[in-house]
Amino acid sequence: MSALLDTLSWVLLTLGGLSVLVGGIGALRMPDLYTRMHAASVTDSLGAILVLGGIMLQAGWSLATIKLIAILLFLLLTSPTSSNALASAALLAGTRPFAEAGQDEEAPK
Amino acid sequence: MYYAVTIATLVTMALALLRAVLGPSVYDRVLAVNMLGTKTVLLLSVIAFLYGRPDFLDLALAYALINFIGVLAVLEFFRSRALRRSAERGARQ
Amino acid sequence: MIVIFGIFLLTLLVITAIAIVRTDNLFVAVMLMGIASLLIAANFFLLDAADVALTEAAVGAGISTVLFLGALALTSERERAKSSNRLLSFIVVAAAALILIYATFDKPRFGDPEAPVQTHVAPWYLEKTPEYIDIPNVVTAVLGSFRGYDTLGEVFVVFTAGIGVLFLLGGGKATGTVPEEKINEGLRHHLIPRVVGRILIPFILLFGLYVQFHGEYGPGGGFQAGAIIAAAIILFALLEGEKRALSVLPERVLLGLMACGPLLYGAVGLAGILLGGNFLDYSVLSSDPVKGQQLGILLIEAGVGITVTGVLLGIFHAFAARGR
Amino acid sequence: MELLGLYNYWVFAVLLMIGFYAVVAKPNLVKKLIGLSLFQSAVFLLYITMGKVEGGTAPIFPEAGAAVFSNPLPQVLILTAIVVGISTTALGLGIVVRVKEEYGSIEEHEIQEIDER
């Protein structure tokens, strides 16, 4: 049973590490603000769920798990909200998603 | 295995920092700060377990709660700046 | 391995610092300062300083950004002039850096348990804390009891700085041309941040109280808790506008808090004298000296928390009122 | 490994001097304060680095085990210094705001020009 839990938590942690990394690469490589935001915010939430879930399985039932659940809940609340707030601020300030503006699919400078 | 996650998080932090330094727009930098904040929460939680002192999760909790305020402060800054600019334009006309 | 992590984080920190100095956009510099604070807090944690990392988290992540942005809103966002005497300053600074680096070769090895710093009073604190005060967190014990004078001084410095800001910016003279009700709106029209923020505020307050009263057992204490509680109320002010925040906690109450904290701290010290001990000697506060120490630390931590909350909120409102 | 052990101190020196450069060379008053904050952070880093003991853990007694602890004293000093640092920075920012209101500028040489007039 504990071997199963161990394996599961390692799988979660690995996947979490991978998704965090993919988010980082996406935030660096994507062509404009909104696509970068997409890469960053989606993997933020997914990575947090996977990594913290993996740690939770390691921690077992203890005060630490409750704290981890609280951290996860707050992250799941705040991180998308921040992204939303930022995107709306950028949109209001006049930054357009570049595909919509009729430009080529080539990344603009 | 904790080490692997820590390394992935650290590399991501470096990438996000690169985004913050490169810009180009101010929104990209705010995005990078936000992203680094989440990554710091993950990093601190993983390291707390790596050290075998899970009682230090309080730190990650503090970041999870307080990072939000920075982003809202930026939002309010943009809002008041837009208000001030439109008021100045109105005063000039 | 952890040493390597630390080195990596420190390298990122240096890159951030260079970027901060190089950019001419002050807004960008403030954002990068936020990143620097995150990196340095992670580093403190790696260097075993959980309490310090928590303080940096509470102050650097929210309040410092808020204050700098408040000042930028009142001044300007861009540096207009280029640096003066760049070459000369660079040479001086580089020379000083080289001298400092040269000096580090005489430093004891990193983490050396035999270094002079490690052998002076620290072992005594670590050894005697269970006997005299009997709380797990040695940092709180040293902060509250063994070096209570220091902390009293620091509390007075925080108090004085708060008074100074109120003197400079108080009275909130109107500088802007924006209609007041517009400024007072806050982020009320941003529905999603507002709803989520309102959910979060009670939890932040609760967490602040937890940090305040759990400071004897885990990382925490008055300084951190004060910053966290102030952050929660600043969040409320950002969401609902200045005016509502001031109607919840009027300026008079804030001034009262600012004054009450140091008074409470000093009163605990004086109580020690009246009960026949020394100033800030808590052992006499209760019939059992250990219980007395614990009571004293609890009270002075409360005093610290009250002062820090009051001062940080007072400073925030002083900057915000100026913008009207 | 011997040299890596000094890395923290080198970062301290570099960071200190980067902050100092901003204070000396940048004419903008807010930028000077930002440089001062960096300077502060460098000093914090120095203190905490000195307090680290190899193989130690944070000076909070766990429920069981762990006998080696890092030095609590530098942590106490820096913990209070961080909060003092933010309040004094706020005082500095307050002065800058007043300067802006009186002189209409926060650039050093422009303020000097107005003073000499």
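In this document, chain identifiers A, B, C and D correspond to the written order of the chains, with residue numbering beginning at 1 in each.
Criterion: a contact is a pair of C-beta atoms (placed from the backbone, for glycine too) under 8 Å apart; a residue touches a chain by one contact, two chains touch by 3 or more.
For clarity, every value in this text was computed on a predicted model and none was experimentally measured.
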Leading chain pair when contacts are tallied as C-beta pairs: C-D
Inter-chain centre distance, chain C versus chain D - centres from mean C-alpha coordinates, in Å: 12
Gap in Å, rounded to a whole number, between the CA centres of chain D and chain A: 31
Averaged-CA centre spacing for the pair chain C and chain A, given as whole angstrom: 29
Contacts with 2+ other chains: residues of chain A: 74, 78, 81, 85
Of all residues in chain D, the ones touching two or more other chains: 57-58, 60, 62
Residues of chain C touching at least two other chains: 50, 63, 72, 190, 193, 196-197, 200, 203, 218-219
Chain pairs that touch, as defined at the top of this document: A-B, A-C, B-C, B-D, C-D
Chain B partner contacts - residues on chain A that touch it in the complex: 10, 13-14, 16-18, 20-21, 23-25, 27-28, 33, 36-37, 40, 44, 47-48, 51-52, 54-55, 58-59, 62-64, 67-68, 70-71, 74-75, 78-79, 81-83, 85-86, 89-90, 92-93, 95
Touching residues on chain D, where the partner in the complex is chain B: 57-58, 60, 62
Footprint of chain D on chain C - complex, ascending: 3, 6-7, 10-11, 13-14, 17-18, 20-21, 26, 29-30, 33, 36-37, 40, 43-44, 47-52, 55-56, 59-60, 63-64, 67-68, 70-72, 74-76, 79-81, 83-86, 89-90, 92-94, 96-97, 100-101, 104-105, 107, 109-113, 115, 117-118, 121-122, 125-126, 130, 136-139, 141-143, 147, 150-151, 154, 157-158, 161-162, 164-165, 168-169, 175, 217-219, 221, 223, 226-227, 308, 311-312, 315, 318-319, 322
Touching residues (chain side chain C, partner chain B) in the complex: 1-2, 5, 8-9, 12, 15-16, 19, 25, 27-28, 31-32, 34-35, 38-39, 41-42, 45-46, 50, 53-54, 57-58, 61-63, 65-66, 69, 72-73, 176-179, 182-183, 186-187, 190, 193, 196-197, 200, 203-204, 207, 211, 214, 218-220, 224, 228, 231, 234-235, 238-239, 323
Interface residues, chain B side, partner chain D - complex: 51, 53, 55-56
